[in-house]
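There are two complexes below, and they share chain A, which is joined by chain B in the first and by chain C in the second.
Here is the complex of A and B:
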């Protein structure tokens, strides 16, 4: 099991992880292929990419929560010296929430509508810490709600009595219930308005600094990434497009997809400039192009891109990208 | 919404319930019959077991002061038999329904939740049970075992669960896909915990509705078995009263009271359960139109919409000659 006493500064290493979705009678869909990333203690890692590029699949696989059709077909998830993919069902249940917890996309759906919020938070606690003392448990739930700015007496209320922002904050409180080392925030601010978004993110940031959490932030919002993250992993069609620290990604992007993505983001200093968009659509997972997955939409495409899938190249020791252009230069 | 009705406490459930007239009437009818059954010794004018000396005039005697609903073929008071018969019918109804809903809900939840081979096995077994005609099988089973009340309850119970199983399975499948189940798994909860704390509470409303409807079906089944002579001979249920009256010349002697009374009792309870069940279903099922915020079809003012559309069309037709690309 996981060793508490000897905590290395690297919390989690994902090496060459590949995930397929299998449908009987059809070739498997390669939802995630050969993704490698490292998460250090207290680091905020941004994971960006279009819808359907495998972000959520990748995150669910870290906790081994893939839907029935999902298969991890390669690689390892090394968490504090243990390969999570090799753990037994009971051992992985132990890791879930206690070590790695998750803030789900759309908090309204992630709470059971027929049970009180407090009940569901204490459920998360008692799964891992046996608590026979009812008052201690109640206090802990109140404490957690207080931490995210919800009055503790509202723990007896049901999710439908909470507003959208409160539900999201309750989800964050729940994610922190067992003091995990890693919190996966899967689009924590989707479906919330900008003011609530700002509140939630500020809260996440304060908590992250206060508790020394490592956060994996899955998002579409590049502004959010620039503001919060230490490093960024850009995914495209299930593969790593570019992976580096946040300054490098924003200032010296090497992959054409990252470059195009940044161009598609409004620039406040130059408001009259027309926004660029990337023509075309992301590839369907069951009909991937033979070469580079971005080739059909790439502005810098050349012959080789259509036939050969690029490997991941290191531009510098902390900057990886999968593009033939980088290899050539 | 269903979730929120389930979430609120008993008092607010009653508040919603009170507004549903159908459910209220059903509850009142069922409550009255249960009251009658429970206090049968106090209500009934005669003890059905009392030793009576009868003359020829007492057989199929017309309703009168002593016998409000007349007498049957053995000179017994029909009203008293009817009141005591309610005990048998309701007992069979409740217990048989409990057995069948318990089996059905268990099979449904497990099949829906585990899926795969478990589901295949359970649901194919359900299909087999479903295609066997209930009544002939019930007749065979009751005839093979002794026609005791407990046997009748068990036979009705183990034959009536298939519909419930299918219904609960489909609801479980829907609940299983919801995000909070994934979240429950993410907090490290096991299958049993998820079934108990997350699936069951959301399937429960459906189970309640089904139980009420199953009671009426079970009472009908018991009456049927008793009517064809497979009832427990030591107890007198409504079905048996019908059987005796039908077989022993009530019709030819014009003693309609001996036939109509138990028949009305059956109709009363079945109607009560159906009304209550459907009322509950309306309250608990979000897919039925009933909702405390909506007024159903009236919410959409189609005439107004059509008027506005016509006005817009007119405006765009007027603008067309100035060269809209759509008109070319």
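Here is the complex of A and C:
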């Protein structure tokens, strides 16, 4: 949807995906509702939104990794021609990691403490690619570690012998082990210090360009989005607020939430400007307002917003937003 | 890496603990009131000479240790005596020779009595523990795997019940049922005046005697193993690295086998080792219900008879078992968990 049709082909299409969390004895929480997005080969898609707006939920559902309480209640995830939501357990297991891999939010504990890092990377490879040659496998693991700047001989070490940044890089190496088409990076640098954050993001960016990966980058850092992403999906309270290419989002945001987010983001070219923050709290997902989810906090709110939920509206063929203001104009 | 150093340190610690226990064990029984001439053999008809002869026989005529004639009542003595002529060093010397003294009551070497008893206990507890561990862990794994399904709830209910059953009561019920409905022997280790003419028959006879006490023991311990296994496994299954494993495309079976179990085994190893160590003391209740000639029965009898050498010997065995079990647990733990080495 970002470029004209002839260039890179579509990898993944998410259509009208909705996810509930069900807790017995409570109304279901509509964590994600009617999200549609497209990912092309080599594209970097940024996913932004306040804490709790459903970013991780959406990402986990793409690999069918939702926790037991999570239910996909509608929509489809079309990946290279197949709907992942209809695959059998064994078929989805083949897609996981080989086609789509994920760097988890807070990946600090994402490695098994009682097995060596190298062993865990080998496992990811052999799970999908039959490799009888032990030395070839070892070499491949060494190569992957080298790629993320870890000395190959450290593959025999255990996760506790790695620093936090190294563990994160080992996770990236593991995510690349089967050369997947898509890597989902869910806040890959939270809990790391600024220097390491920069290193890791630079690494991701280099690898993305070198390997032509498509990446979905979940982040709170709009600076990073501006620098790395081709397109941006802004989520608010489980729904799409705005979705377009990065220039449009930054220069012509239509949704008041996007506008507020951008105001909250310190402008590097104008450091004197005070940082705005959005007053109020995101909605409770099990007791949503009847109209627009953003209405209680929206500076441009009007009567209709309180009674009717806005549909997703195409401003241009590559720019979508769900706001009554846009529909009206 | 420094695995051998860790190993050496652990073994050194175990030996040091053992030494401490040996010394403590000696003094504990000297501080307690009475010697066989007064406490063990309470027969007013004994003449002074006879009492003196008994004291000599049990080595109680010697000073306890340099400077102390006896510790209860405290009686100071010469510090100049040859240390090897004191009770303490004679005790140590005898220990090194495997001699635990003579039972006041049975008038036989303690080491011989205990050895036979110990093997009986090891036989019974070994069989019971192995069964309890295998079944308990198996059930725990199944319950955690099928968490919040009928299988889980049934296993949970069964284990809680097994855990809360009073051992003594369960033993008697099983004894009653087994001896009437199944025709199993009501107690002991072998049929008295054994009709067994060859090895095979003798083994079968032993097996029949073991069924009920082993079953009791298994049921009593199975519940605990199941519950701990289930809850640790559930904890482990909620860890981030399990989600990673799933994302890597591993099946539930692979996740359990290759990622969850090793982590879940860590608390289990400690639990098993502690149980094993302490139950060498004999499942006293089970042994008494089934008249099993084990260590537990021997201890009970020794307490009743104030047979200090027997008790002293038994305590030493128990201490050795606990220390050894802990050492094994430590070593096993450090092979299961690489993080232990660092600490």
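Descriptive notes on the structure:
In the analysis below, the second predicted complex is superposed on the first by the 321 of 329 C-alpha atoms of A that agree within 3 Å, B and C clash if a C-alpha of one lies under 4 Å from a C-alpha of the other, contacts with A are read in each partner's own complex, and residues count from 1 in each chain.
Keep this in mind: contacts are C-beta pairs under 8 Å (C-beta built on N, C-alpha and C of every residue); 3 or more make two chains touch, one makes a residue touch a chain.
On a predicted model such as this, the values are computed, not experimentally measured, just so you know.
When both complexes are superposed on chain A, chain B and chain C clash. Within the superposed three-chain model, A:65 lies in touch with chain B and with chain C [touch as defined at top]. Residue contacts after overlaying the shared chain place A:158 against chain B and chain C alike. Residue contacts after overlaying the shared chain place A:48 against neither chain B nor chain C. In the superposition on chain A, contact is made by A:96 with both chain B and chain C. Of the two partner chains, both chain B and chain C are touched by A:112. Within chain A, the residues touched by chain B in the first complex and by chain C in the second are 63, 65, 93-98, 101-102, 104, 106, 109-115, 123-124, 127-128, 158, 160, 174.
Residues of chain A touching chain B in their complex: 63, 65, 68, 93-98, 101-102, 104, 106, 109-115, 123-124, 127-128, 158, 160, 174. Chain B makes touch with chain A in their complex at residues 1, 3-4, 6-8, 115, 178-180, 182-190, 193, 197-198, 201-202.
Within the complex formed with chain C, the residues of chain A that make contact are 63, 65, 89-90, 93-98, 101-102, 104, 106-116, 123-124, 127-128, 158, 160-161, 174.
On the side of chain C, the complex with chain A involves touching residues 239-241, 243-251, 258-259, 262-263, 336-339, 342.
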